[in-house]
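Please find the structures below.
Note that subunit A is present in both complexes that follow, paired respectively with subunit B and with subunit C.
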Partner chain A sequence: MSEQYRQLSPSEFFYRNREVAGFSNPTRAVYQAVRELVENALDATEMHGILPDIKLELREEGDGSLTLAIEDNGIGIPSSEVPNVFGRVFYGSKYVLRQSRGVFGLGVKMVVLYAQMTTGRPVKVRTATARSKFVYEYEVMIDVEKNIPVIKSLKISRNDSKWHGTRVELSMRGNWVQAKKRVEEYVRRTALIAPYARISLEAPDLVLRFERSVEKLPPAPKVGRPHPKGVDIEMLRMMVERSKRSTPLVEFLVENFDGVGPVTARKFCEWAGLNPEMKLRDLKVSDLELLALKMQEFSGWRRPKASTLSPLGEELLAEGVRAVLNPEFVTAVSRAPSSYGGHPFVVEVALAYGGAIPPAERPLVLRFANRIPLLYDEGVDVSVKVVTEKIDWRTYKVEFPAPLAVVTHVCSTKVPFKGVGKEAVADVPEIESEIEAGVRECARRLRLHLSRLERLLEAKRWRVTVGKYVEDVSRALSYITNYDEEQLRSRLVELIRSRSSRGGR
Partner chain B sequence: MSEQYRQLSPSEFFYRNREVAGFSNPTRAVYQAVRELVENALDATEMHGILPDIKLELREEGDGSLTLAIEDNGIGIPSSEVPNVFGRVFYGSKYVLRQSRGVFGLGVKMVVLYAQMTTGRPVKVRTATARSKFVYEYEVMIDVEKNIPVIKSLKISRNDSKWHGTRVELSMRGNWVQAKKRVEEYVRRTALIAPYARISLEAPDLVLRFERSVEKLPPAPKVGRPHPKGVDIEMLRMMVERSKRSTPLVEFLVENFDGVGPVTARKFCEWAGLNPEMKLRDLKVSDLELLALKMQEFSGWRRPKASTLSPLGEELLAEGVRAVLNPEFVTAVSRAPSSYGGHPFVVEVALAYGGAIPPAERPLVLRFANRIPLLYDEGVDVSVKVVTEKIDWRTYKVEFPAPLAVVTHVCSTKVPFKGVGKEAVADVPEIESEIEAGVRECARRLRLHLSRLERLLEAKRWRVTVGKYVEDVSRALSYITNYDEEQLRSRLVELIRSRSSRGGR
Partner chain C sequence: MAVAAPDRQRYEALRAIEEVARQLVAQIARGEGPYLEVPVRTLANIIWDPQSKLLKLGPRKLRRDFLDAGEARKFMQTVLMMSLLARAIREGDYPTIRDLYYAGKHTIEYTDEYGRARKEETWDVQKESDSVIQDIEVLTGFLREQMGILHDTKGKIVGRLTIRSGADVIDCSRMGDGAYSIPPNPDALEVLEVDAEYVLVIEKDAIFNRLNKERFWEKHRCLIVTGKGQPDRSTRRMVRRLWEELGLPVYVLTDADPYGFYIYSVYRSGSITLGYESERLATTGARFLGLTITDIYDYKIPRNFIIKAKDRDLKRAKELLNYPWFRSSKEWVKQLQLFLEKQEKVEIEALSGYGFKFLTERYIPEKLSTGAWIE
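For the complex of A and B:
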């Protein structure tokens, strides 16, 4: 009749529930490991103004294990942080308000845990920060029961080549044959959304090499403060505890929240029936509750700042689509920043048509969120809903089967993913309507293009049809008028050409 | 060019990523909270041989918050454990090898966190263990940044009524109007799978009361040891660390694993090329790796024991279906224990037909896992796949639209859920084929029933048709034979009745 109680460490929790983080089987584990490592490599470069140069290697070893190695030219990891970054769950640099590929700060630890449980071997990390005099090489494992890193070895050498970046190597069991197709798709789509990156992959039966197609990075996101609309009581409580007890409420609001000046803060306090000069020490729990509620309801806040976001921009997005899909026509739209529940977001959409895109019964939808390709759970994603249910493509002169691809990219400090798997975006109304507007804008441009194509085709058909009679007509005219037949013929041909180039009849 | 690193507490992680645990919006949060509290209440009773008596109350308060209260007659929580059980993430009693509704040991902490962030108020817990002289009433909050409980108040009173159980009450924001339908469905299905439970719910516009339809509990699951097939290197390492260094390998295997006797252990060592007398202290990392691999591959292990499981049994399942669905026909199958990757599992299936079940174009599938109703993500669940794709219902004389419901119940120490949401079971081949076998067995019984119905119907039709001629035939016979017409008629009627009761012509 009694139970045994115990505390689980975060490592042990995720070790036991690895499916939750995408490590559900030997195929998925390979895909997930590649993905986590690539995302970290990109975050370590592009977020800091460095054009990414990423090398991924995958080898099958004689004993049946896989060796996975990735190297980037990023900012590197400070030596003292390496053990924790790789060997302690819930330790990391992603816990700030800023768009990044990593969301849960869990990824690389899950890879290390999975490697450790399937081969028992440590992760090897080689890293140097910019201008570091030394290169550090660690071998790290995780003490699962205590959630602390165990350093198996450390080698320090002089950084004579002034290298900076991180190289991670580990051994795991996994099914490469089955994972290959997904990994390939993942890398291909990553190249699409990061046309400024050089990415290479060498693996059994698979060599991929994507050169940069542009030399320009989108502006990096800045770390921001939370928007007052996105607040909750717990957040307020933690903020209050970190502030001086004598701070007046108005100052507290100005200092802690995004886009709140003294004027707005006073206006809010007045509206909410709170004394702006009230000291934090006098706030009761019921005041916190009222404050949170009113902050969520107040309509006078400025929109959340989009400086925490880093959309690609229309030019880069179109370039990425062009380089990877090789279509005949491409157009891209980067919408103005918007927000839901205090979280800023930007939607970008590109349409590609023709060329190397194979015709299909429905549009090919390529989904991205914070520059992460989303490959699974398409059926429940908001973009697919918009593209297949809300848009009547005949309005835009698209007749299926058609060679049409739709690319959607949602950037936010808080992408509303449907699960930890980060594979589908929920249908938040604000995001849905932005996606729809973006798709329609692109689709209108596509219609113009298709109309032009149609006219060109029609003109060509007219030229051919009318051209058939040139011979007879010029002969007959010459007979009637006595003009030179050859001259008449060339004048007629000229006439047909000039008419048709102005767009048909 | 540098990053800020920090450690997140488990509380803060889940506070930030509450969607992961199902708290994604005010509607889902209410459903999820009810569910977590009901599951804990059931685990605290049925798992310990107590017939559950569960009272759930939900009130809308004037300030817009919801008060949620649940009381059970379970084993109670030892007073000293209360703060941690409600106020510390990753602390609990679910971290043993045994079937239980709770899986992640996260549920109630997520409810407390959500309540705290939406209303700022503590959870109230009233509890007494069996034969406790006192009743303890705590008010607890979570210090999110430190992941420790904060006791707001504690009241101790004499337990004169010899009560035992737990009552939890909390305030949260949520959308009851929208959540109502789902909560109702959840409670209804819970009553189906737990016909031995008394469950009542009082909420705005919704009063439900399910009496026990049986007084018998299925046998409670026992805590078990892991099966050798489900081992990994990390698990072995932790087990080795907990053992004496001088233990011989063979003894280590016998002591730590399910169903491994000295004979099997020696046979395995021989097959794997390992010395059975080797001391644990001499095991190298490469030996651990080999050991794990060989243990997974060895085919000579006994099947995992099913004593860690607690299937309902055919009788209870049929009773639950009868009480809740009120069908004309019901049949249930509880399959023999099976296993996948070292995890034991049992599949139970029930079919219900006719009666109060409305006819529909496809079978109504009611899914359960470890006695938890699964309401969402039906499209990706293995049971739905079997029922709609693998079974041709015409084989079993079912013509749609038909009043058919299929109930599936998967019990396992490790149900392969597709996410933390615990809403869909993955299509593990072993489980899929057990479900299929169960459905087919039930469907064959349904076919017998439908054939019998068909024959009865046919016999009735025959009786009516033939009966029409009784009058004329008896009159004609009487005319020819001079027998009494009345006697002939009654003999004929008797003949028709006796023939048709033997099943038609």
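For the complex of A and C:
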């Protein structure tokens, strides 16, 4: 497949199909460019144990173009790789399975392509790897027809400050005024899901600065093998091709798939009616089809390992929500790993109430997939379906309009996106039920919190109701009995105080 | 000495109020939430005592706890009113219940549970202050008349009766076309002389005026009284004294409908709302002279004078049938059942169909001489 595209120039292919990648109009293009660059910056840092420090700048130039610059403190790009990373569209993905924001580098090349197409200017890249003695500054363009990078200039300087990271700057056509709200929302939500990052944005009429609220990164995901249930024919064919042709089927299964031991492999072969000792070279195309089908159908596989996933964890998620939404109450749940169709996934849910959240007729739903904020296509997302259709919030003492925000985070080696925009998660039953369980667990905690508030308010109301009469009661009783008025008053006040500290009546 | 007695009563009432307040202060001093135990003044706690033929207050009491959010306001109002009553007695004032309402009304300013500044009146309407006065009456066992609290009165009396009120001597037979207005506290009146054989209590003021104009009381040697509909306490107390102290039989004349019947029962047995003072106010020997439902047919009242009973009349009649003080009387059950059956009522004035003097010259004398009353 890739061979064919290489001959047709993948650059050209993407260039012609830019709307698929999210560059359909000048507004969407700005948002998409910011998104790709921020996600790259986060991957270059947090995946490598570095607390991210990301600076984003946007400028409107006199000629109507938009300059976009992003700088991170990540691992940097080895100098020799820079032209290819930014100037050649190719399949950078290997068959490794782990949760990452995207297939490495593909998106950023779309940004470069779009920029070059709309302004004709090269992308400027400044980078240094850790402990690099030099800082490299490139200006790169893509030769679209040949799909090769063209280096316009290269400057090398001494890295005296021991800086490492990458700064990318490019010029593009884009509608900043229209895109502003989305970009702001995107950065805000990114800060929510990455509370360990320092993120700043300077743009016309918009300055955002999110300080790091925790100094702790979530554990990085491990590289894993695919689960047999999640296999398709194409994938299987490539794996067979990569293996030695004399390998017996049972050995092939054990070596290439997640959680498959010799015992399971033999059990499977027996169940599928395949000879476990059959050499790969003897597999016919029809056998391959059968194998893929049977692997999907077999129910004896172990559940996929979740070690390839990197959920944020309850503590970090709650902290992110607290820092960005500034609510009165926040709670988070990280569900146990689960799987659908051979793909492991973890659902995380946070619920925030009150404080700076404005009351609304519906809960505010903030969706994330693999730590990427999902902003578009809210109406068809499974989280929105669960939050607005499946949950009766009155059960949890929430009366709308309410200052309620629900945060959902789906982590998976394969998030089942709906449509090409990758902005909405499809309603896969397994994921839907995990989201529902997570929301309900959070909602139960919210109900406890609201009940406590109710009791406190009730006690306060009681103190007010009774307390407002202390004056008149002590004056009247003092007049009738000649007992000291002040003493009566202080005794009554004390009585009310001690009674309400026992929880009122 | 007639003046000294009520004054002594006032001071006894004051001491009772002080005693209640002292108990509250003692509770507070002990660190307890102060509370009052107020006898319940609703139908549920009204007991018909067939022996004494009185409506009495039952044993049920309501604990009015200051620390109970639902009772705190009433508690405050009660002690506030107690202090107003104490002040009136100590300072020798005789306020009306309306005076007390104004004297105690002021604005309480406070901050509510949401931190907002709020205001509240000690009482919004006189009904509230009147209600706590009644509570204090049952709490202390002293009626407001005994405390020297005045109220609007509507009772009138005429006849050969001479009384002393304060420093004045009043001859109730020398009122012209008017009548002596029964004062708020009839206990302060001293009866000097009486020349009458019975007391005729008339529901309606207009009929009372007509009988007075005809000098009925002179011709028939009686006293006539009206409470203008539902009688107030002083009218009832006055009738009671005439019956009890002077030994005069009392006859009641009302319309032939359930409301008239209930008015009679209030004179005789007491009312539900004031059940606690029946023993002082009720005239248990009062007789119902008329008009009865059977009178409608016995006296052949012309059909065009008969009024069709309304739904609320029927409802009221059914209620009366459930009151033990009606239910225990065969004659009343008969009258009420006849009413429910015929669904007809008449006013006293219907007798004028036989001439204006029919009531005074025929109906009343005939009823009295034949003993055709209900007891």
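Here, the second predicted complex is superposed on the first by the 450 of 505 C-alpha atoms of A that agree within 3 Å, B and C clash if a C-alpha of one lies under 4 Å from a C-alpha of the other, contacts with A are read in each partner's own complex, and residues count from 1 in each chain.
Note that contacts are C-beta pairs under 8 Å (C-beta built on N, C-alpha and C of every residue); 3 or more make two chains touch, one makes a residue touch a chain.
In this text the structure is predicted, and so the values were computed from the model without any measurement.
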For A:144, select first, second, both or neither according to whether it touches subunit B, subunit C, the two together, or no partner.
first
Just to be sure I read the superposition right, which of the two partners does A:460 touch: subunit B = first, subunit C = second, or both, or neither?
second
A:486 contacts which: subunit B (first), subunit C (second), both, neither?
neither
Would you sort A:78 into first (subunit B), second (subunit C), both or neither based on which partner it touches?
first
Partner touching more residues of subunit A, subunit B vs subunit C, is chain B
Is A:270 contacted by the first partner subunit B, the second partner subunit C, both or neither?
neither
Touch test for A:328: subunit B only (first), subunit C only (second), both, or neither?
neither
Quick one: is A:476 in contact with subunit B, with subunit C, with both, or with neither? Answer first, second, both or neither.
second
Dual-contact residues of subunit A, meaning touching subunit B and subunit C, are none
In the complex, the residues of subunit C that touch subunit A are 17-18, 21-22, 24-25, 28-29, 31-34, 66-69, 72-73, 75-76, 79-80, 82-83, 86-87, 108, 110-113, 120, 122
Where on subunit B is subunit A touching in the complex?
1-10, 12-13, 15-17, 19-20, 24, 48, 64, 75, 78, 81, 84-85, 88, 90-93, 95-96, 104-105, 113, 116-121, 129-130, 144-145, 232-235, 237-238, 285, 288-289, 292-293, 379, 416-421, 426
Under the definition above, what is the set of subunit A residues touching subunit C in their complex?
457, 460-469, 471-473, 475-477, 479-481, 483, 488, 491-492, 494-496, 499, 505
